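In structure tokens below, several structures.
What follows is a pair of complexes built around subunit A, which joins subunit B in one and subunit C in the other.
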Partner chain A sequence: MSIKKLDQAALDRWVDGLIERKKVVGAAQRGDHFSFGELTSASELRLDYDMSILPPKKYFLPPTEDLISFRRDGGFESIFEEDPMVLLGVHPYDMFAISQLDTLFSEDNDDIHYRKRREAITIVASDVQTASEDVFAGCMGTATIDHGFDILLTKIGDQYLVDIRTEKGQAITMGFGEMPDATDDDLDQRERLWAENQKVLRKHELRPAVGYLPKLLGESYDHPIWEEKAELCFSCGSCNLVCPTCYCFDVQDELNWDVTSGHRYRIWDGCMLANFAIVAGDHNFRAAKSERFRHRYFRKGKYIPEKIGQTGCVGCGRCVSACVAKIANPVEIYNRIAEGKE
Partner chain B sequence: MSTATVAQMDLAQKDIYLPDLATVTKVASMTEMEMFLEFTLDSGQELGHEPGQFVEVSIPGIGEAPISVSSSPTQKGMFQLVVRNAGNVTNAMHQLQPGDKVGIRGPFGTCFPVEEAMKGKDILFICGGIGLVPVRSAIDYVLSNRSQYGDVTILFGAKSPAERLFTDEIEVWKARDDASFYETVDRADETWKGNVGVITRLIPPLKFDPLNTICLVCGPPVMYKYVVLELWWKRVPNESIYVSLERRMKCGVGKCGHCQINGLYACQDGPVFKFADIIEVPEAL
Partner chain C sequence: MSKPRVAIFDFACCEGCQLQIVNMEEEILDLINLVDVVEWREAMSEQNTEYDIALVEGSITRPEDEERIKEIRGRAKILVALGACAVIGGVNKLKNRFDLEDVRRYVYHDDADMPHLQTAQTKALHEVVDVDYKIPGCPIDRKEFSYVVKCLAVGKKPEIPSYSVCVECKMKENVCRFEYNEVCLGPITRAGCGARCPSNGFWCFGCRGLVDDPNVNAAKDVMEKYGKTIDDLKHRLALFNTDEERAHA
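Right, the complex of A and B next:
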């Protein structure tokens, strides 16, 4: 729609103005780390953050989310919990992940709990200013992004380019004074920054081409690496917990104190947890740690791509950092199974 | 957080997690572990299932569980489930009485190919234990449309005489002259006069045309490969073998991930699979 330009002070005024009118969530410092949370002032926003502990997925698929209310004597009603907000500072790889969830939750059977939440959120993406320790988005084609967001912010020198792409984006930029247009030179600089980010966001170097992963995994089902790595796995699910594309959930009922009414909610689950594939009678269809470990990498690198044509890993590197046993680096695993096949 | 409970649903925005109400119309204990339940939907509609599909049954406050529909869609105005008391929801279902309300979502998943591959063919049903429950929907369908199928053979294996299901119907099947029924128990007791041994032993003595027979197989996970092996000795092609697989279909709509069998979803790509389609899916059997 249009690309504008703001300096830091104008950006802060815009964010403070938004905070007065709407719920605004953004990346802020928490101790030694960064996380997404509700902002009370533009000064809290840290667009130079390297990585948030949890991905912004938590606003689209909350850790727990009510789906249905019920009465024990019969009667079910949908519960929708839209939470309108402006989400500030989503990095490109996380934006790719959100777009992937959009596809997965809408295709085949449209999940309107997800969709209503999604539609109520305006996403202001932000190009990465500081590379995190384990990011490898550059290898996954997710270091920069061209779609899915409502607005994209890119820092060029001491200015921010504000690339407004949707009506929703337009709506939150109105009423904040005249913003000057970006110049051709600004756009050239943005192109150079994108090229640079493709190179910089590669703390781990994936050797096989991303498009080759499904075939590579197909030939590696019995590779020794699954046993080797899983031997050290605690089945803690940390890799699932921090992953921007993991979306498996369990569904539970909770009765209210009156013992006649209650609600049904979904709660994040993880395929690395020991009981994930247990059925009644205690038969566990993925009882071995190595089977669960393999399943996760197959899902990211084969099953999801074969289902929707997008790789299920966006290269954020959160699992690499979060894994207690230091076995979860997808790049290390995919490189290893590619050995001798390049 | 602004929370809005929307009572009036926009029909264009169907909530895939919202159950419909159903009322229990009949209950009967089948064995120590298995309860027979009959339901009607409060909407007055038919369930609209095909043989082999499943529903998600909600017991408010306890939860939801995937349960195979045991009745044939040729039986109108109701549907039947048989549940083993094996978890929280099924335990609660064992307490149900006529008039009680439950939630139903579905039907979900693939069905036995009663209208396609099975038409005009000889049919061999192979059911181990509660594997008879989903297959019964296809048995009844075939027997209700008897002229459209060739020879019909039903094999049933139970762990013990006390664990045999649908014993009244078994007598009816046995008495029919247009179907053959053979059964065995793993462990006999003093009352048992029939075959003793695992279900696979019933297959070698059968005489059938392997190229004109469709086999439907359902039983405990351990059973499948041994049954398939016996069918291979009979030269039955993989294209003619259909299996119904159990997984934890938590959502039933391909989202929650629990029922995944490698890249397949048991709730959408299954629970009924053609064996030829899953022979290279290592997590399947």
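Right, the complex of A and C next:
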């Protein structure tokens, strides 16, 4: 739609103005880490953050979410908990992940609970200013982004370029006074920053091409690495739980004290957890740790790409950091199974 | 449908789990509306030998305790172990690391020979009688307790998490305690507490016992990655998981 330019003071005024009118959530410092949380002042927003502990997925698919209230005699009502907000500072790789969830939750059975939340959120993405320790988005084609967001902020020198792409984005920039237009020179600088970020956000170097992963994995089902890595796996699910593209959930019922009514909720689940694949009759079709471990890398590198045409890993590196046993680096695993195959 | 009759008993423990039930405050009215509490020494004077569900706190530490828990088991249709002492033996199992006679003298001095102060190896309830359901934790989680009682009242099997504390810790967006160079038992400990200790700045003490299939060998190898020793892990396990610490020594 248009690309504007703001200095830090003008950006802060804009954010403070938004906070007066809406719920605004952004990347903020939390102890010695960063996380997304509700902002009370623009001064809390840290667009220079390297990585949030959890991805912003938590606003689209919360850890637990009520789905229906029910009566044991059979009646029920859907519960929708959409939470309108402006989400500030979503990095490109996390934006790719949100777009992927959009696709997956609207396929087959449209997930109304997800969609209602999604529609109520305006996303202001932000190009990465500080590379985190384990990010490899540069290898996955997700270091920069051109779609999916409502607004994209890019820091050029001491100015921010404000790239407004949608009606929703337009709506939250109205009424804050005139914003000057970005110049051709600003846009050239942005191109250079994007090229630079493709190089910088590569703390781990993936050797096989991303497009080759499905075929590579198809030939690696019996590779010894699955057994080897799983020896050290706690099945704690940390890699699943911090992942911006993992979307599996369990559904549970909880009764009220009257035991004639209750609510049904969903709660994050993960394919690395021991009971994830238990089905009726107590049969566990992925009972061995190595089977679960393998499944996760197949899911990201083969099953998701075959389903929607894009890789299921966006290279944020959260799983690399979150794994206590330090066995969950997808780059290390894909490089290893590619050995001798290129 | 008549209300299920519930009796609450205790063995060797601090009675802190029963205190959690008392602490349900206004919800305790919902509880007694749903079930008929017929015996509960901590909260009422009445006693009763007729009950459907026995909720039992504490571990078995004396010869006469074994007889008493067997009698309770015989009367109850459903027996629920309440809290770490009942479920895994809890801190009481520390006693099993020492000579029992020494322990008795150390604790009771001149009174050690009195007949009611006989002592035996500490056992969790399931080591003496069949236990139908377990509500782990030191103390129990009130929300989980309410959930189990409601399930039992309608004849539904309660599901206690089989996954580790890491799951709930990640949901709370905590920073991993290992990043602070602490030995945390979260990766091998059963969840259900909402990662209470890590969420309040401590490592996980393992009070809910280990998950069904804990990778204790991995825990040993992982110690090295963090500049820790197997002894560091064993010390941490000893508090609530003496048996596990010994089994994997």
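The rule is simple: the second predicted complex is superposed on the first by the 342 of 342 C-alpha atoms of A that agree within 3 Å, B and C clash if a C-alpha of one lies under 4 Å from a C-alpha of the other, contacts with A are read in each partner's own complex, and residues count from 1 in each chain.
FYI, contacts are C-beta pairs under 8 Å (C-beta built on N, C-alpha and C of every residue); 3 or more make two chains touch, one makes a residue touch a chain.
The shown structure was predicted, so the numbers you read here are calculated from the model rather than taken from an experiment.
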| item | value |
| --- | --- |
| Which of subunit B and subunit C A:E81 touches, first, second, both or neither | first |
| Contacts of A:S235 with subunit B and subunit C, given as first, second, both or neither | second |
| Touching partner for A:L255 - first (subunit B), second (subunit C), both, neither | both |
| Which superposed partner A:N329 touches (first subunit B, second subunit C, both, neither) | neither |
| Partner, of subunit C and subunit B, that touches more residues belonging to subunit A | B |
| Which of subunit B and subunit C A:S126 touches, first, second, both or neither | neither |
| Touching partner for A:F298 - first (subunit B), second (subunit C), both, neither | first |
| Touching partner for A:R71 - first (subunit B), second (subunit C), both, neither | first |
| Interface residues of subunit A shared between complexes with subunit B and subunit C | 252, 254-255, 259 |
| Partner subunit B, residues of subunit A touching it in the complex | 67-84, 104-105, 108-113, 221, 247-255, 259, 262, 264, 266, 269, 271, 276-281, 283, 285-286, 291, 295, 298-299, 302-303, 306-307 |
| Of subunit B, residues touching subunit A in the complex | 1-7, 9, 13-19, 21, 58, 60-65, 84, 86-87, 90, 101, 103, 221, 246-248, 250-251, 253-258, 260-263, 268, 282-283 |
| Residue ranges of subunit A touching subunit C (in the complex, touch as defined) | 30-33, 35, 53-54, 58, 63-64, 231-238, 241-242, 252, 254-255, 257, 259, 268, 270, 273-275, 289, 322, 324-326 |
| Partner subunit A, residues of subunit C touching it in the complex | 27, 30-31, 33-34, 146-147, 150-151, 153-154, 159, 162-164, 166-167, 170-171, 173-176, 178, 186-188, 211-215, 217-219, 221-222, 225 |
